[in-house]
Structure formats: structure tokens, C-alpha cells
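All chains are identified by letter, namely A, B, C, D, E and F, in their written order; residue positions are counted from 1 within each chain.
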Amino acid sequence: MAPNTKLTSETRAKLKTVSTATISTALFKRGFRNQMIQDVHALDPAKPTMVGEAFTLRYIPAREDLNPLSVFQDRAHPQRKAVEECPPDAVFVIDSRKDARAASAGSILVTRLAKRGVAGIVTDGGFRDAAEISRLDIPSFHNRPSAPTNLTCHQALDINVPIGCGDAPVWPGDVIVGDTDGVIVIPADLADDIANEAVEMTAFEDFVTEKVNEGRSILGLYPATDPQTNVDFAAWRKANGR
Amino acid sequence: MAPNTKLTSETRAKLKTVSTATISTALFKRGFRNQMIQDVHALDPAKPTMVGEAFTLRYIPAREDLNPLSVFQDRAHPQRKAVEECPPDAVFVIDSRKDARAASAGSILVTRLAKRGVAGIVTDGGFRDAAEISRLDIPSFHNRPSAPTNLTCHQALDINVPIGCGDAPVWPGDVIVGDTDGVIVIPADLADDIANEAVEMTAFEDFVTEKVNEGRSILGLYPATDPQTNVDFAAWRKANGR
Amino acid sequence: MAPNTKLTSETRAKLKTVSTATISTALFKRGFRNQMIQDVHALDPAKPTMVGEAFTLRYIPAREDLNPLSVFQDRAHPQRKAVEECPPDAVFVIDSRKDARAASAGSILVTRLAKRGVAGIVTDGGFRDAAEISRLDIPSFHNRPSAPTNLTCHQALDINVPIGCGDAPVWPGDVIVGDTDGVIVIPADLADDIANEAVEMTAFEDFVTEKVNEGRSILGLYPATDPQTNVDFAAWRKANGR
Amino acid sequence: MAPNTKLTSETRAKLKTVSTATISTALFKRGFRNQMIQDVHALDPAKPTMVGEAFTLRYIPAREDLNPLSVFQDRAHPQRKAVEECPPDAVFVIDSRKDARAASAGSILVTRLAKRGVAGIVTDGGFRDAAEISRLDIPSFHNRPSAPTNLTCHQALDINVPIGCGDAPVWPGDVIVGDTDGVIVIPADLADDIANEAVEMTAFEDFVTEKVNEGRSILGLYPATDPQTNVDFAAWRKANGR
Amino acid sequence: MAPNTKLTSETRAKLKTVSTATISTALFKRGFRNQMIQDVHALDPAKPTMVGEAFTLRYIPAREDLNPLSVFQDRAHPQRKAVEECPPDAVFVIDSRKDARAASAGSILVTRLAKRGVAGIVTDGGFRDAAEISRLDIPSFHNRPSAPTNLTCHQALDINVPIGCGDAPVWPGDVIVGDTDGVIVIPADLADDIANEAVEMTAFEDFVTEKVNEGRSILGLYPATDPQTNVDFAAWRKANGR
Amino acid sequence: MAPNTKLTSETRAKLKTVSTATISTALFKRGFRNQMIQDVHALDPAKPTMVGEAFTLRYIPAREDLNPLSVFQDRAHPQRKAVEECPPDAVFVIDSRKDARAASAGSILVTRLAKRGVAGIVTDGGFRDAAEISRLDIPSFHNRPSAPTNLTCHQALDINVPIGCGDAPVWPGDVIVGDTDGVIVIPADLADDIANEAVEMTAFEDFVTEKVNEGRSILGLYPATDPQTNVDFAAWRKANGR
């Protein structure tokens, strides 16, 4: 189940300049309709766009006898192990079964991820110490703050297996992009294509936005059904070096 | 189905000075209990109060064969057409069936609405490019950000028909008011009455707030069951020119 | 149903320095898994931690004939009475049955509570005038803003009885703590113990955070399974006076 | 809070012959829109219509330390006490906060209620031993079967206080009617009026149904805007002794 | 918006012999993933399969002043008008916005539809008089019984326009099929193709079921990746005249 | 992750005579509160109690490109493989993430399981061909019927790993019991103890039911706080051979 491709620095750089909205349209063109992790948002909307390959952690519902606080004394506990094993530049994605009644993780673990150079963290549940996490130097996304310790509801089980997160499929190595609209999952082998197309689309959208701000109607402009639009866009690209 | 009345500039001006909370109480007195569009909020809470007549757009669930990206090449596509036809000073209200899994609209369309002088935009779904929309010079309200293109879930169908939005009935021409508490729908023929009553109520509430801040109990003051309250209020109005 | 203990000023002071996350872990150790009021958040996340004994108000669904606006002319109406009777330094907790379709309270009542020295207010529904409430000098927590008058959905019934709030049990006199992660309920007779333990835990967590920020792995450190961790923590406490 | 009226045997008999649908329309005419207990159904749809005055039991979320199995050894435990105190011919209504994750009651308690001549039992949660309860000689209504003991989620607290049940207000003494469409709450002082009107409406609806089955259009017939309809109805009543 | 095709009696007959499950697979092959009306079920599971072209009715949230009981005195009221205008052999589909808090229709109207030869009725809300409706000679599908009159929540607005029903798009003239698994919507121009393919698939599934009942493994059999399976199926078809 | 114990035929036989309600109480005594698979029910309530060791199948959200119909041509596809590998007498438990928008399985696969002697099947989603499945000689439990092919929403991934099902943790080898109240999960190493205790509890509950049917109050009887109850129970056991 290892992905066939690796996220190149070029593609990573391109994806940092485009939006999840644009990416979702590029995926839609290719028949993908469910790649958005539903109903998560950035703890700090001012952070730059998050980009990285998915490194996953799977939770199942916690059984009381298997989840006393003492489980964390085991260095092999999957949650703690995953935090130490997640590759730098990866995005740590947790399948919390959309259950935010208990925390998926707290500020100490996320601080460790940030120190280790991890590119971001996402859960379809909630983080505790959310205010502190929002101030860390790592983009983070969740559904809502949740103080109770994860053992209350969640048992960490598997590291880096395919999971569901917010109703989206997440395979290890998929490219995860997060911004103020939320988090999207790009299948690993499409990342380069999607990045290229999204950069092109973004240039056109920036051009369109400028024209709309100048008072132009969207009809004929967006999409470019009026031939003049393509002429103007070519000129705009030259003028703006894009 | 055309409304019997037009929103006057006097009523518009009055409604800009009162809150959706006060309006909801005035509507409650007249037997209206379901005029609040449930569970939407302002993308930018710092914007002034939104007021305008409803201009509506109805979405139904998208059928895949009818909703390729190419549909937007049709200038008569209802979403694009509606954006160009919505009257200045109206509020653009979208029935997204409370489904925020895909976007109701994005920043380019909302920019166009802003340029055209539209008074605001509301969906009971979500917007993509939400951060950009929040910075535009137009009040906007939704449930949550949502990046996927609207074609993923929504097919634009009807322009300016009665719709449901957030469990509230919205008839074209109804007066829509939005503030930091959310968005409320005033039946068109009641707008003048409600505006007048809400201005009066607001004066009284401002007086009461001042008295409570001075340490007065709410008993007898709010509501004014103590005759002295009315005496004091009359004096306060004179002193404050209200 | 009066609690057996009173919240001391020492315990109150300690609880103001710890987080709901830390408290939830201390409660978890003692077998409590459902003390977090689910899905409420601070209207103003910048406010200091809220601490106080619970003073409760119970709502039931409103019956139309029993809830015209005129009910507030009765000085004994439970909502208004409760606002005047809630002890200073208590936290006013409202059982709104997780129904935010109508307001639990508005800015005038919350202003009165603030003036009376009440320590905070919580509802599992929503407040109207939410922006004004967020600016008052009292911490407040709800699910979402909601403009409609409470009579639309809620009838105030009982003062200071045990209630459910956000799926948590709240007994009068329980100690309520609220911060940016939400609101937690400490059974009254455990407040001193929990406060003491949470202060200790917080010292350790602060030490751990410092070490993680210095680049240490969490393995062996958190929890302190490596004996060196305890040595280092003892030194840290001495050095930092904690 | 004792109701002003008592359910007479005449009214009880009348209500046994009408449907909750007809009653809901009679209540709607008087301005009541929320008297249906939402989303509960009969465990045995073949039972006759349930009619009786509400006797209520209020649950709050269970706190673990207060709800070991041993609590039932206290004869004053509200759940057990309520089962012994519920008057014959009353309907036992439980406020389970719409939470069916644990049982509201099981077959032994419902058997006891049946033996004591209680007229029915309703919860907005779920019953355990549901198949056995469905076979008892007492109408019962819930949301869905639920095996876990009630102590898992629910703490019985108050007997015969006003409650919410399935989003409807239930005051002790209100008249509860349940059939295959669900359960409705008639305010105590309206029971006689509603029963009379519902009997009349039922006669008309039976007449209409007969005519529709004979092939008549509903236009002019239902409602009786065609004068001939009233003539025909008068003849039908005479012919059918109603 | 009139459909391009008419449901032929041949296609109708074929569709009566296949299941919604089989149809959904045939639609899936053609790229349709959202044609199932979610979360509705047959009131009487013993009825034969429902087949007919969609005739739609659209509800919006009811505004109190527009929806007194007296509205039904207007012969042009869309709900009553639609019941008289729905073509025989069509399926009457109601967009109730998945809101079952009030009825979509009751037994008198459904009796009239049955008498008029209508092929079935579907709502994504609920019916009142559900037990009576289940006994009528017309297949009916809803989410759950609901006694309150439709005016409580619903205002009938449009007849035979495209609607959403249970998150599926329904265009007038689409072919609606309902069985014990629920209700599916076949785009009008695909009905013949889908019917033909589903009949073929059903023959194969019947063959497979027979073989599985004889003890055969599903591997190689379903799907028919083992060449012997196709040989056996050909023989089975000949032997069984299918 | 292999369970430490095997379900003996004695324990299996005992569990077939007790209810999930009784088992849930025995688990509650041992500190287990979340072992009930929430919100599933028997397709055929007349079937005997289902008992067997869990054999699990894990689904994640389906990605379109990985889930064309042709995937089933791979004999190693986890869904088909699992159906052939599930041990006789085991219970096949599917983690469908509580998503019933598409089927978890259909009648052909369940027929194969029945033929192979599997003891039952459970999903927290829904089955297609539900009416046929209910008639098969195997107990089956789901949330609701769902016709769309599983590939629409689900990708089968892992066989016999720990999963969540209806918010309960299910470990391979756990003992699954299902009856008309639903499905419960007994941790493997507790099965013998729970079975023994549940048999004892059932005897007492049968005795209590008999006494209640004879008119006895539950006070002192249930639980047996009156010493006479224990005397009577001892006599009853002797008389009834239990």
C-alpha cells in the first residue's frame, strides 16, 4: 500500500500557492467528489497553507479495561510511537471517527510534532489545549476543541494504514493540503498533475478577480466563453509574469 | 408572488440600527416563530448590519450527468445568471438544503455581487474561498467554509422563487436582516411596522442596559412593570434625543 | 441536594491556574468520563478561566399558551428571578436541552449577572446579542448565537435543581471551570483534591513542554517512565519555584 | 402545578376513538404546534389507542459515582418509587433527553406498571427487553430498543414535575394520547374541548373517506366548500347514527 | 424541463421484476451515485414493487400567517390540486426537506390518489394516519409516521418541478422504483436501458443465488471470473427459460 | 491481537438463553459501559439469539478510481475473501462507519455466509436485499436497508482487525450476542464469567417477573432487599429446577 510516488519539492511549492477550492475543482474534473475532509477547520486561520504527505493514525472506540492512563507508560503505545515516527514534512492525519467528545491529541504531542518538523496535523475529532496548539508553529485542523483525555473515547491502534477522516479516504502518502477552507486529500499519483493544473487555474482566477473588480460581468469571462477573455488573459499573464 | 410592498430607504435605514434579536421579538409578538435562518453566521462579524430585499436562488441535489464543469459555459446557467440579475441593494439568498458538503458559491461570484452593489449574500450551506469573501465589501453569511465546487452536490435551478433557507421560509421581496447573531426574514408587508417597533424597542433596551450598568435590578425595569421605569425612560429619551 | 462542601478561595485560585484538559484527566483517573459539557465554547476566548459553583436554571420546551411575552411581567418568572438570586461568584448554568434554535438569554440579563458579580454563564443552547455579551466583563459559554427570544422554544421552570447540560450532569454547588477548550463540571466534594492534583499535573506539563521545546522526545518524558525525567523535573521545580 | 381539571371517563372514552392526527389538527387550530412527542412509536402497533393523564419521571445524565447498581437497593430510588406511585389509568412519561444509548426501563418495571393498571408508558429514549414489553398488556412507546441498563446514561431524579419529552412540553396531568402515528400531549384544561371536537372531526373524516372511496374528488369535499358536501354529510350522519 | 421520453409499458413491466439494489448497480456503472432517496421505507413491505414516472410536489417551510387551516378552502391550494392532477400510473413524490416533524399528507389524500390510479407516493418526511395508509391499495414510502397537520411545518408551493427528495434529485418524468430496500430514481432517458440491463442482471443473480444455495463458493462465480460460470449460466438460462 | 480464549460450546449454549439486556448489566458491573453496538436491529426479530466470536471486516470511505465494479473480479478483494474465510460459528462484523447511504453487503454474500455455517452478520450501516436477507437462515443486524452497491461509499480494506461498530469496540474473537434489543460485544476473556452470571441473573429475573405477574410490588423484590425474596427465590429455583 505504499504510494507509487513521492511528493517533490516542486509540487509541494506549487501546492502552497493554490487553494483547496481550486484543487477540489481539479479533482472534480478527474471524477473525484469525496476528497475533502468534511467539517474541519484551521485552529489558526492565519497560518500558511499546509502541504505534506499523509502519515496516518487510526483510533477505534476505547474499551475501558484496555485504556487506563497507565497505557502511556508503554513506549510502543501507537499514539506516542506515531508522534515520534511521523516523518518530517509529512501531515499527521488521525481517524477519530468524527467523534469530538474526547481529544484526539493535546499541546505536548503537537509541540513535539512541530519540533520534529512535521508539516501539519489533522483530526476529524477535536484537540485539547486548542488555544496553545493554535499558537504553535505548525498548521492544525480539527472539528472543535475537546478537553477530555483521548482514552475516554479513543484507543490508538494502527500507524500509517488507510483510514477515513471526515468521510474522506486517506491513504498513506496521499498529499494533504489545508487552508482556511479546510483540508483536501490528493491521491499520491495525481499530485504533480493537480499541482500544475491548479497553478494554471489560480492564474486565471486571479485574472478574473482583477477583471471583476474592474467591473466586468462574469458572463463570458468566467468561464472564458468570450474569445476576448482569452486574449485579455494572455496579455495579463505577460504583464504579470505568470 | 411579487411582494406587495417595496423596502423604503427609511425602513432600510431604521433596520440598520436594530438587532436581529430585537426584530425576532417583534415578530414573535405577531405570531412568527420560524423566521430566523438557523445556524448561519457572518463570515466577517465586524461588518455593519446587512439589510435588503430577498432575491433567491434554489439548488437541488446535483445529478452527475447534468453537472459537468462545462455547464458554466452556458450564460443562462441559473447560478451565473442570478449573480448578474440580482438587483443592487437586494440580499442574495441561496437554498442549499442545509448541505455544506460542497460550496454554494466562491469569491469570484461574491466579488461580482459586491461590485454590482448587492447588499449581502446568505446560504444555509457554505462558501469556498471563505477567507477572501470575508474581506470583500459585502456582508456574507453561511454555515461553514466548504471548498468543493458546487456542482459536486448542488444544481442551481430556480431564480427568485420562494425557498427554504436554514428552516426559515424566504419569499422574494422579504426583508432580510443580518448581524452577529445571524440572519432573520421579515415578511415584506410587515417591514415598516417591524422597523418602527424595533427602533422603539431598541431605545428602551439601550435605556435598560444603561440602568443595569448603573446597578439597577431587572425586576420592575425589564419589562417596565414599575411605573417609575416609564418615568425614567421618558426622561432618558428626552435627555438622549431618542 | 445542597452540596456538602463549599468552594474555598484557595481552591478557586488554584483552579484558575489549570486547564479543563488537565482537570478532565484528573477526573478520568477517578472514574469520571462524562463531566465535560459537550460542544460549548467561550464567546470571548481571551477572558481568564471561569471558576465558580454551579447555580442552575432548567428550561423545558415552551408551550405557546404559557409563554406570551407578558410572562416577564411576573417578577417571579424563573428566568428573571434566577438572574437576581444567583449568588456572586457562582456560575449560572442553563439546561437548554442542547436546543439553540432560540436564545437562552440576552445581553441585558448577562449584564445584570456581571454587575452582580456572578463568575460566569453557560448554556448548552445559544445566546442572543452574542457580540455584546462577549464584550461584557463576565465569561460566557454557549453553542452558537441565536437571536429568537427564549419564549419561542424554552420555558424557564426550576431554579437550582440538578440538570443536564451538554450531556453532562450538573448538580447545584458542583464546581464549574471554563476555558478555551470548553466547560467542565467537578463534583463538589472532589474540588479540593482535583485542584491540588491539577496544580501538580500542570507543573509537570509545563516542565514537559519546556523540554519538548528544547528538542526532547516524549518517550520516557511524558509520562515520566525514564528515571532521569523525575530527576530533571525535581531540578526544574526548584529552579522555577514550583 | 397540579392540573386544574381531571380527565373524565367520558373524555377518556372519546379520545380512545380518535387519532393523534385529528387531535393535532384540533390543537393546531388553538395555536399549539409542538405537542407531538417527536420520533417515538408504539412497540406493538396492534394495541388500542392509549389515553391517560401524564405522570412524569425526569432523568438527568448519570454521574458514575452516584449510579452504581446498588442504588436500586434504596426503596426511595425515584425510578422504582415512581413505578409504584404512578396512578392507575395514568400514562407514565419519561424524559430521557432523547438519549437511547441506554434503556429508560425494562420489562420487569413495565410488567409492574401493567399489573397496577397504568394506562401506558412513553419514553423519548428506548426500552430494554423491548420484545417482551411489546407483548405486555399495556401500550408502550419509545424511540428504539436499547439494552444497556439505565444507570449507564440516566439518573432518575424527579417524580411528576413538568418535563420535555421528544421536544414536547409535558405537564403532570396533561392528557396523553398514543396510537400508530405516535404520542400527543393535550393540555389538561383543553382535554374535554379537544375530545369533543375530535369526535366531530372524525365523523366528518370517516364520511369523507367513504366518499373518496366511492370516487369523489377531494375538491369541495375536503374541506366542505361545496354546500352539497354539508347536505350529504348531514344525511350520512343520520344514516350512520353519528 | 419535460422529460424526453415516456415510460413504456414494457419498461414498466420489466422494472416491476427487478430490485432497487440491482437498479442502483446499473446506475453506478453509468456514473450515478446519488439516485437513492435516502432513509425512506415502505409503509407496507408486502406490497409489490412500485414503478411510475415522477410527479412532484415541493414544500417550503410554513410561515404562520400564510398557513391557517382555511388555506385548504382554496381549490387551487397546491397540495389538493396536485392530488387531483397527478396522472394515473405516476408516482407522487414530495420534497418535505427531510423534515418529519409534521405530516406530508394523510390517509384521505392518499386514498384519493389510490382511487385515481396513481402508482405510488413517496415523501422524505412522514405521513399521518400511517397505519391506514399502509392498508390502502397503493405503495407508500416515508421516513416515519408523523401526526401533526402539514401546515405546522410545510407550505405546498410548486407542482411538478425538479426537487430534492432524501438527498436525491428528482426531475418530473424520472422513473421511480420502490421496494423493500427503499426508493430509487432513474433518469427518464435511461429507463429503457436500465430496465433491460437490470433484467439481465437479475437473471444472473438468481442463477448465482441458486448456485450459492447449492454450496458453491462466490469466488469465480460472482462475478463470473471462472469461465465455467458462464457455461453454467448459459445452461441455467436455457433450462429456466430466462 | 489473537484473543486469549476460545468460545466454548458450554458458554455459547448459555449465552443463547440470556438477553443482551442482562449481559449489559453484567458488563456494567465490571466497568464496561460502551459494549452495545448502538442503533442496529435484527432484520428478522423472530430469529433465535445470535452468538459467536467476532470476525471483522473494515471499510473506509471509497475513492472513485479504486472502486469500479471490476474490483470484484479480484478474488483477493477483501469483502469477497472475508466471506469465504469467516470461520463457521463466527459472527461477521462490519465497520461501515455508521454510514448506511450505501449497502454493506447483499443477499448473495449473506446466503454464502449462511451456507458456510456462519453464526450471524452485523453492520453499523445497512444491507441491500434486506427482505431476502431477513428470510435467510442466519441472524442479521443493521441500521436500515440500503440498496446502493457498497462501492458507492465503502472500500473493504482489512480482515479481522479491531474495529469500531456502532460506537462499540470490537476485537477479533470477542463474543458477539444479538437479540431483539440489538447486539452486544463481550470481551473474549470475560465470556465464560459473563455467561455464568447472566444465567444466574436470568433465573432471578424470571422469578421476579413471575412474582410481579402475581401482583407483588417491585420494592424489596427487585433488587432482593427483602430477605423473604431470597427465601422465595430459593424455593422457586428448587421447584423450577433452575
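FYI, contacts are C-beta pairs under 8 Å (C-beta built on N, C-alpha and C of every residue); 3 or more make two chains touch, one makes a residue touch a chain.
Computed from a predicted structure; not experimentally measured.
Visitor: Using the contact definition stated above, find the chains touching both subunit B and subunit E.
Guide: none
Visitor: Looking at CA centres, what chain is most distant from subunit F?
Guide: With centres defined by C-alpha atoms, farthest from subunit F sits B.
Visitor: Of the pairs E-F, B-E or D-F, which one shares over half of its contact pairs with A-F?
Guide: Of the listed pairs E-F, B-E or D-F, the one copying the A-F interface is B-E.
Visitor: Distance from the CA centroid of subunit C to that of subunit D, rounded to the nearest Å?
Guide: Averaging C-alpha atoms per chain gives centres 37 Å apart.
Visitor: In whole angstrom, how far does the Cα centroid of subunit C sit from the Cα centroid of subunit F?
Guide: 39
Visitor: Taking the mean of the CA coordinates per chain, how far is subunit A from subunit B in Å?
Guide: Here subunit A and subunit B have centroids separated by 32 Å.
Visitor: Please set out, as single numbers or ranges, the residues of subunit E touching at least two other chains.
Guide: 33
Visitor: Which of the chains are touching one another, listed as pairs?
Guide: A-B, A-C, A-F, B-C, B-E, C-D, D-E, D-F, E-F
Visitor: Considering only the defined contacts, which subunit D positions touch subunit C in the complex?
Guide: 31-35, 60-66, 97, 99, 155, 157-158, 161-164, 167-169, 171, 187
Visitor: Using the touch rule from the top, collect the residues of subunit A that touch subunit B in their complex.
Guide: Against subunit B, the touching part of subunit A is residues 19-21, 23-25, 28-29, 33, 36, 38-39, 41, 45, 179-182, 184, 205, 208-209, 212-213, 215, 217-220, 222-223, 225.
Visitor: Mind listing the subunit C positions that touch subunit B in their complex?
Guide: So the residues of subunit C touching subunit B come out as 69, 72-73, 75, 80, 83-84, 100-101, 103, 106-109, 111-112, 115, 128-131, 144-149, 151-152.
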